[in-house]
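The data blocks that follow each hold one structure.
Below are two complexes that have subunit A in common, paired first with subunit B and then with subunit C.
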Partner chain A sequence: MKTILYVVERDFKYFFRYKWWIAGMISMNLADLLIMAVVYTGMVSQEITQQYVSYFVFFAPGLTITALFAAAFMIGREINMEVRREISHYMLSLPIKRWELAIGRVLAGGFRGLVYMTPLLITTITITHVFTNVVPSPLQLLSIVAALLFISIGTSGLSISLAISTTSFEKYITARSVVYYVLFFCSTVFYPIDLIQSALPQTLALVAQYNPLSAGADLSRAFLLGYPPFSAFMFLDVVAFGLVFALVAMLAYMKVTQK
Partner chain B sequence: MISLRKVWIVAERDLRIFLQYKFLLIMRAAWFLAQIALFGLVVNKMLTPEVQQTVGGNYYNFYAAGLIIAMLYSTSVFIGYDIYEEADHGVIEYLLSVPVTRKELVLGRSIGGGLRSFIYVSPMLLFVLYIIGVTHPLQFLVAFISLFLFAFGVAGFSITLAVSIKSSDGFDILLGVLDALIVRLSTTLYPIAYMPSYYASIARFNPLTFAADLFRWGAGIESALLTPPAVAVFGIVLFFSVFTFLGIILHEKRLEGGSWQ
Partner chain C sequence: MPTPIIRIQNLTKKFGNLYAVDHLNLDIYDGEILGLLGPNGAGKTTTLLMLTTVIKPTEGTAYIGPYDITHQTDKSRTLIGMAFQEPKLLWVSTPWAILDWHAKICGLPTNERKKRVKWALEELELWNDRHKTVHVFSGGMRKRVEIAKILIQRPKIAIVDEPTAQIDIVGKHKIWNMLRDLRDEGSTILLATNELYEADVLSDRVAIIHKGKLLVCDEPKKLKDTIPGGDVIEVVLKENITQEHLAELKNTKRVVNILTIKPNHLKIYLNQAEEILPQITEFFMKAQIPIATIQMNEPSLDDVFAHYTGLTIEEAQTK
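Moving on, here comes the complex of A and B:
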């Protein structure tokens, strides 16, 4: 356990080296909420957002997903670079077992996402409380954080799996962009599922329906806004995403470092 | 006396360097596709009929035209990063040793920075024009020329920032924050009439607003909400003149005496 924590600690220290990136991301996230969502609130039909008070309130829980996904995905870029520059050889020379290293990397990516997202989650809870007077119970709050942690770990695993599937940085970037945009724009982070089903082809609507980012955003909305109603599927979806991609990433990472 | 041939050689070098940023080009293209094929389609269905009416009948067309300007901005701004990188890696010393005057070098960078983003955005621009359908070719020509000036102006703006800020972290943060704010506080994504007054007053003077509204006017989007074309052209010419001039003067000044080091 101690060695896994060392690996996590190392990745955390690396994360906070990207000050410029963090500053840029925070400003982008806040600009999305405080400018884009505010303007769209005046343009979106009230029939669509009536259960959520307004578009601004609807979008606020989606913001935390956007933030944690971007932060958790960063680990893949680092691992791709380490594999290309053979820094992984140095990592293997350390008195750490391969599986410990693999678990540490996946968990670090997940925790980085969670830490980065925390101030934005507090902002979201404040906003939803101001507009709806809903205060989540400790159990509900714990469920939101746990769901977000699973999404973060799954994202970290997905990003690591992509990163080590190719040594070409360009290919990694391309794959990352495609995955990133499909997962985000085919999800309920920006708009409700009914609207997606009426605007996009059925295949993409299905992606949106089972997308773990949709499950995470809707689970947060269920506890912070009271709509859509909470269902166990939401939690199962994010747990499955987290566990499956964490496992895939660990196995792939161990295999790559064995070469 | 400035040699246009040498200016072109410098600009051509920047064009070639740009093609090396495969990852950036791929990412931006993927972003554009996702916005056009997913986000734009769904958001178009979210809006009230009044909004659709006020943006010229179809928000999707309005949005697609705005995306082109956002793309043009984010790729033109990249020349500033190049100048920073070169200062970091000692390439500036090499550039100063080639038989090109400082003025030619600086002018070439500014032209190259704008031109390369224009070339990159062109296929997407044609695609958007195909979606919208150009109904007034002469209007479009005016808008097209103004967009060239806009791209050069953004390149000059980026060069001005790059040569005014010493810390590379500071430059990165500033550009990241500016990128987040300048696009959202403009009419690239939504019309000014739906912005709260505190945002609208900034958006009214944003060069991206001028460029986006002018492009929409050129493409024949009929909306009473657009900035009047004469005002937009004036705004873009002013933006281009100020920042190209500032970029050239400051860059040339900084090259003198090695103050970039």
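Moving on, here comes the complex of A and C:
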């Protein structure tokens, strides 16, 4: 257990060494929020977002998911670089169990996402409270944080799996972009499910319905906006995403890095 | 009979059709410094990576203490620490952070950890730069950070791959002394190097490896003694020697072998050189080939390498 914490600690500290990356990301996320507030709210039809006060209020919980995804995905970029520069040889030579190393790295990615996203979650809670007067209970807040943690761990696992199965940085970035667009644009992070079902082909609408990012965003909306209604499936979806990709990443890290 | 702490048995690694390590058999004894000597591409690093369980053998195995590296990988690594040839450092990190975390993951208690990290950074003259990111460091400084890892860890088996590459001569001697101290404190050291002098001064035994195969392994002195014609006369001539004269010289009594480094630069391997030296100089005088310099040497590990491979280590590297 102690060893896993040390591995998490290392990756966690490295994350905060990329100060300019973090500064850029925060600026981008806040700019996204501002653009949504000023531009999109006026552009998007009120009919589409009638249950959510405005598009801005609808989107705010989704923003936490985009921020969390970007931060949690970064662990993959580092692991890809480690493999290419053979820094992974050092990690594999350490006197610790391989599964401890693998799980430590997956969890580190997850915690990075969660910590990075926390100020944005607080901003979101404030915004949604101002517009809706909904005050989530401590249990609801805890559920939101737990769901976001599972999404973050799943994203970390997904990025690690991609990182060690792509041989070059370019391929990794391409794979990341593909994953990003599929996961985000076939989800309810940016648009409500009704709009997606009416605008996208049925297959993509189905992806959006079961997408764990949709589940995470809608779970947050359920507790922060009061709509859509909470269902246990939302939580199960994000838990399954977190556990499956954590496991896949662990196995891949243990097998693929050792040639 | 000393106890082997590493037993390498038929260890083999193939990359495609190439044997990087070819059925290697070697015992490494508890408390010794074993120099694994060979040119670049000889299979040294691949062997070390297999021993640290970073890469899997294609065939054969090795035992680290009682643990089989193919089946007990996690346990094998508990006895090992490795300093890599190319420093394995994330460039956004600092020496202090790298070494402190390394000590932590190796299980050192807090007080001991801080003490050892401080000691290593001071000894390796990195203390003043301990909070600078390593991307501003020179190659030699990065290499010192890499070496510091095993000096702090003090593993039962320390594996060091080209430990003094890119390091100045003063730094080399310091690191050699630190490795000797590590050995004296109970570690076994497996040193991979292509520097003959380093292997000679530091190793209790030297294993010469070429094209993935072990050629010979023994104490440096014994290896030198195994060369027929243990003494060497090195002659630089003012003119090139002809093939006829070379053949004639080879037939001279007590001359065992002649290595032609250049047509005017010869290494003559012979027995009892001090008795035959006048005869050799007389030979060149009679042949009317003026001598530029002549010196009598004991054989070096380069000679041992040349004896077993027919190549100097530089030639082996280029081929």
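Convention: the second predicted complex is superposed on the first by the 257 of 259 C-alpha atoms of A that agree within 3 Å, B and C clash if a C-alpha of one lies under 4 Å from a C-alpha of the other, contacts with A are read in each partner's own complex, and residues count from 1 in each chain.
The criterion applied here is as follows: contacts are C-beta pairs under 8 Å (C-beta built on N, C-alpha and C of every residue); 3 or more make two chains touch, one makes a residue touch a chain.
What you see is a predicted model; the values in this text were computed from it and never measured.
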Applying the touch criterion given at the start, work out whether A:Met43 contacts subunit B, subunit C, both or neither, answering first, second, both or neither. first
Could you look at A:Arg17 and tell me whether it touches subunit B, subunit C, both or neither (first, second, both, neither)? second
Kindly classify A:Leu200 by the partners it touches after superposition: subunit B alone (first), subunit C alone (second), both, or neither? first
Could you tell me if A:Val178 is touching subunit B, subunit C, both of them or neither one (first, second, both, neither)? first
By the touch definition at the top of the document, which applies to A:Pro229: first (subunit B), second (subunit C), both, or neither? neither
After lining up the shared chain so the two structures overlap, which partner does A:Glu170 touch, if you call subunit B first and subunit C second: first, second, both or neither? first
If you tally the residues of subunit A touched by each partner, is the higher count for subunit B or for subunit C? B
Which residues of subunit A touch subunit C once you look at their complex with the stated criterion? 3, 6-7, 9-10, 13-14, 17-18, 78, 82, 85-87, 89-90, 92-98, 258-259
Could you pull out which subunit A residues touch subunit B in their complex? 19-21, 23-25, 27-28, 30-32, 35-36, 38-40, 42-46, 48, 55, 169-170, 173-174, 177-178, 181-182, 184-186, 190-191, 195-196, 198-200, 204
Please give the residue numbers of subunit B that touch subunit A in the complex, ascending. 22-23, 26-27, 30-31, 33-35, 38-39, 41-48, 51, 169, 172-173, 175-177, 179-181, 184-185, 189-190, 194-196, 199
For a test of understanding, state which residues of subunit C touch subunit A in their complex under the given definition. 49, 52-56, 73-74, 77-82, 84, 86, 88-90, 92-93, 97, 101, 104-107, 133, 155
